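In what follows, subunit A forms one complex with subunit B and a second complex with subunit C.
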Partner chain A sequence: MAKLVRGAAWLVLLVVLLALPLYLDAAWLKAGQYMMIGGVGAIGLTLVVGQAGQLSLAHAFFLLAGGTAYTVLSGPTGDDRVVGFGLDPGLSLLGAVVVSALLGLAFAPVAGRLRGIYLGVASLALVFLGLYFGQSAEELTGGTSTGRAPAPFSLFGFPFTNDGPQITLLGVPIQQAERTWYLFLLLTVLAFVIARGAVRGRVGRSWRAVRDNEAAAAVMGVSVLRAKAGAFAVSSAYGGLAGAMTVLWFDILKPDESEFGTYGINVSIAYLAMVIIGGLGSVPGALVGALIVNGLPQVLALYSADLGWFSGTGDGALTPILVSSFVYGAAIILVVLFEPGGLAAIGRRITQKRLRRQPGQPAEEP
Partner chain B sequence: MNTFLQLTVNGLGKGAVFALLALGFVIIFKATEVVNFAHGSLVLFGGYLVVVTRDALGWVGASLAGIVSAGLLGLVVERLLLSRSRHADANSLALLTIGVDVIVTEEIVRRLGVTLPFLGGAWDAKPFQLGGITLFRTHLVALGVAAVLITAFWLAFKYSNWGVAMRAQAENREAAALMGIRSSRVTATAWLVAGLLAGVAVLFIATQDFSGAGLSRGTHSIALAAFPAAILGGLDSTAGAVVGGLVVGLVEALSAQYVSFDFSKSAVFLVMLVVLVVRPSGLFGTRERTRV
Partner chain C sequence: MKRTHLAVTLAVVLTLAGCSTKAGDSGSSGSDSSGVKTGKGVTATEVTLGVMTDKSGVFKNLGLGVTQGNELWAKDFNAAGGVCGRQVKLEEVDHGYKADTAKTLYPQIEPKVLGFVQLLGSPVVAALKQNLATDKAVAAPASWSSELLDNPYVMIVGTTYDVEMIDGLAYLQEQGQLKDGDTIAHVYIDGEYGKNGLRGSQFYAKKHNLTVKEVKITSTDSDLTNVVTGLKGAGVKLIALTTTPAQTGSAVAANKALGLNVPVLGNNPTFDPALLKSPAAGALDKLTIVASSVPFSADLPKAKDVAAKYKAAYKETPNGGVPYGYAVGEVWGAVLKKACDNKDLTRDGIAAALKQTTSANTDNLVAALDFSKPGTPATRQVYAATPDATAEGGVRYVKPLFEAPEAKEYVAPHQK
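Here is the complex of A and B:
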């Protein structure tokens, strides 16, 4: 019974998400797309941090790696200023995921040896290497001053821009904003389903065994190194996908000039915030965390335009980004102090009260 | 050769400041096993207080006010947030400090706006010649101050009651409590001392000679570079913090000159990675043993 209700709830949510582009205008769709980027990235991070117990501050690096890989793979071949392979955008997106996963694997020998906070700071090294890479590998990234434009996405020849066949659904023309929404929704749902499958299956059990006690896991026949490497690679692949989505969303790949920016420490911390707020290890929690951390600045900016908030500019102005930083900073503190399981634990408690889980039914992922 | 000598002195000067910051991480970690991600915001807070009080108190008074307030902020964070969540494990408390860091840093950066004041008025941008090489006073003073403070800390750690209590708690928290050591007092002073050291460090960081920039978000990220210093020395070793700090300072100064300025930030982290691959708990850190 409980399962049925939960399934129905997911179905309703999906239908609503599918219908939203018919009612929202382009600016709100754009905000929604940004939340989905955060969702994909946060799912990846929650797997490695929450499920496998490996603290990673490297997520921003994998965003940059994925974004760069997509742009290079799909870029035009004839440009002598930058490298491009002219591949099909759909293939390039897949390539970006693969490249990021391989980079994650390359870091695995280091990750395998380190634990806890040592690993966290070691992974921070990747963010700084990414900064240097963005500054120096101008043939790939386009450089910090100009960046470079990614190829617009298309799938099997169907463009996700305003070109191509004109489609109208219930009187609403399905254009770039709507098409990108559906693309991102598809990617988010895929990311979600795969992560849930991993968490519930053999892989997830090996991750949790390693997280809870490495020695015990090894005794039980789990290959600790392989589990750690796997978790890091999967999480990097998710980060890479989110990075490619980021580049498509901004419509530009622009590496940072300092360690704060689109691919800086602050972004690594923002993703960590999503995961903590959502509840470490919970896949749905990661989505809710992304909704708060990535969504709040977007929503505040849109509302403030209507309501005249944040009208101040220049010195000491309160911007939507600043306000949402305060909110998620406070949210982290409150979660750790009062509900270490995050929003996922709160949600679980509510549904448990409502539905009375049958005895013997396995609990959801912790 | 002269360039090399000059770089070495400047690198050691920078390293001394990193050592002060790394020592702060280590003290807190030893007392509580919490890694303080909010250290950068303690640095910013101290610096900001210097800026605010400078007109009223003069440079000396303002600097003292800054140092004390950074220490107090550390104390407040510990008393108000960390001490209230004893049931939480050290790792989630480390995450909590990220929340503190985000809030404090954003607020101070907002208040600073576009004004990026320099702090080290007494020694900043006063180079002098010595035997054909140009030395910066900031680096020399930093070396001297750090040497005095670290020696004082080391003596206190070794011989004072506080130091004994601190070491006992680092060794075994429960046993220390049973022997009558008030763990809350040890923890609180650890945060206070770490904050004071951060407050001293910022007087050197936000200078022309050290970072080339005034108090800003960049100051916060320089404080982050003390992270690799603490880690490569070993998070629970005070000697490691000093060595780690000096290594980071030297690596940064030398790589900025001989490779490129852009590279110097990542060079520090690369060196740390290499050390960690060889010794996963840092140069002087205690190896973690697992019991099944």
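Here is the complex of A and C:
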């Protein structure tokens, strides 16, 4: 019975998400897509930090790696300024995920030997490596002056731009904003389902065993190094996918000019915030965290423009960006102080209360 | 029990379907009663222009100044009758110098405007470049990189950073502060802004047998003492800057404190009046700024008029963004009038009118502008100016609009 209730809830949510492009303007779809990018990346991070217990501040690096890989693989051959391989965009997206996973595996020797804050500091080095790489490998990244445009996405020849067949649904033209919404939704659902499966399966159990007690895990036959490497690789793959989605969202791959940008420390910290707010190790929680951390600045910016809020100017003016920073900063503090399990724990408690009226149903662990 | 959940699901779906979708939003283009073609951002009584600015990020002072300049222009333009019987209205949003915020705000503001009178910040312009081309919206970036000139919908009002730097170096050499064969340094922010400035100094250096010591920094570096220490060791005779105002302050302070005392040359965004109240205030005498827009305190008739109107309307400390913002408005006004003469106030009409604009006049707020040659800077002239605490806006010009011979010869990256 519990499964039926949950299944129905997810189904309703999916139907709503599928219908939203018929009602929301392009600006809101754009904001929603940005939340989905955060969701995909946060799912990956919550696996490595929450499930496997490995603190990582390198997520921004994998976003840059994934974005660059997609853009290079799908870019046109013959451009005299930048390298491109001319592959199909769908294949390039897959390639970006694989490249990022391999880079995560390359970091495995470090991840396998360090724990906690030491691993956090070591992984932070990757962000600076990414900053340097982004600026200096101009033939791949396009450089910080002008960047480079990613190839428009298409799947089996169907373009996710305003070109191609004109599709209308209930009188609404399905153009770039709507098509990209469905693409990102598909990727988010895939990311969610795969992560959910991993968490509930053998792989997830081995991660949690390593997180909770490495020695006991080893005794039970889990290869600790292999489990850690696997977790980091999977997390990197998710980061790479989020990175490819980022360049598609921006219509440009442009490496950062400083360590605070689209692929900087601030982004790694934002992803960590999503994971903490949503609940460490919780896959649905990661999505909620992304909604708050990535969605709030966008939504406040849109509302402020529509309603004329935050119209003050000059020093001391409250702005959407400032307010949203306070809100999610406060959310992190509240979560850490009062609800270490995050929003996921609250969700679980509510669900269990409702289900307690059904005798004989054991509470389901994440 | 399954039927209950199915019923709930169906009820939700039917409820959603029952609400009206966003269908029927098709464009309202057509012609008005006097035969003028109209499109997005234009009604029978109004022409709306967009302002995407920074009011809360690192360039908020400049963004505020430019926006206020835009607003002063709109008021004057409307008082003089507007265009095609319509008044100009400005739609303003704050992106906080963040590309992702701008990317989300753009589809919200884009359907409401004919074009953009301000698009502030290189990262924002880069992120929206494809959008502008797709939507054919003419935009005036408050960012003067010649790398932007490969987009026909970008209207750079003023001289680009590379040409500013060439003019500036020529001016200082003319003043005897630089000679052929010297070693100079260029401290620049990695990115569109800094690299474009560097391009100019490299060009000038080649012409005059100068050695350029390149120092790349990031926009968040705040202490340049170590950089200047290194330059002192290298024996540089001049420091060129394409940096943020705060970095300019750090560089000139170190220049003096370390006893280097060489001339310092900055592109137009390197200075902000706030520096005159900063610890670097005593070291600004070595700084020369090159910009194609007038200092706020210029004694030119139009500049005085703008300054007076500014003081009557706003309380903030004025900066060079105000006359620049007003000047952009004047250019837009010229383009709008030409489009009206062509009876086409659509975006295509604006783009065509822009290309026909060979001499947009701003009464010397900015150098005379020629937009008819794609990929080419619209002007190569600059004012040379120095910080002056006694002047409103904190700066006064020391040489009126001029163009160096080397600037005339320079070929911009997208020039044909």
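Keep in mind that, in the parts below, the second predicted complex is superposed on the first by the 348 of 366 C-alpha atoms of A that agree within 3 Å, B and C clash if a C-alpha of one lies under 4 Å from a C-alpha of the other, contacts with A are read in each partner's own complex, and residues count from 1 in each chain.
Quick note on the criterion: a residue touches a chain if its C-beta (ideal position, glycine included) is under 8 Å from a C-beta of that chain, and two chains touch if they have at least 3 such contacts.
Please read all numbers here as calculations on a predicted model, not as lab measurements.
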item	value
Partner chain in contact with A:L322 - subunit B first, subunit C second, else both or neither	both
First, second, both or neither for A:I174, with subunit B first and subunit C second	neither
First, second, both or neither for A:P109, with subunit B first and subunit C second	first
Contacts of A:V336 with subunit B and subunit C, given as first, second, both or neither	first
First (subunit B), second (subunit C), both or neither touched by A:L17	neither
First, second, both or neither for A:I265, with subunit B first and subunit C second	first
First, second, both or neither for A:A149, with subunit B first and subunit C second	second
Subunit B versus subunit C as contact partner of A:I117, first or second or both or neither	first
Which superposed partner A:V224 touches (first subunit B, second subunit C, both, neither)	neither
Subunit A residues contacted in one complex by subunit B, in the other by subunit C	135, 258-260, 314, 317, 322
Residues of subunit A that touch subunit B when the two form their complex	55, 109-110, 113-118, 120-122, 124-125, 128-129, 131-132, 135-136, 213-216, 219, 258-260, 265, 269, 272-273, 276, 314-318, 322, 325-326, 328-333, 336-337, 340
Subunit A-touching residues of subunit C, taken from the complex the two chains share	1-2, 5, 8-9, 12-13, 16-17, 19, 21-24, 55-57, 60, 64, 67, 93-96, 98-101, 103-109, 123, 126-127, 129-131, 134, 145, 147, 189-192, 194-196, 218-221, 316
Touching residues on subunit B, where the partner in the complex is subunit A	35, 81, 84-85, 88, 91-96, 98-103, 106-107, 110-111, 113-115, 217-218, 221, 224, 227-228, 231, 235, 260, 262-263, 265-266, 268-270, 272-273, 276-277, 280-282, 288, 290-292
Residue ranges of subunit A touching subunit C (in the complex, touch as defined)	1, 4-5, 8, 11-12, 15-16, 19, 22-27, 29-31, 34, 135, 144-147, 149, 162, 170-172, 177, 249-252, 254, 257-262, 297-298, 301-302, 304-306, 310, 313-314, 317, 319-322
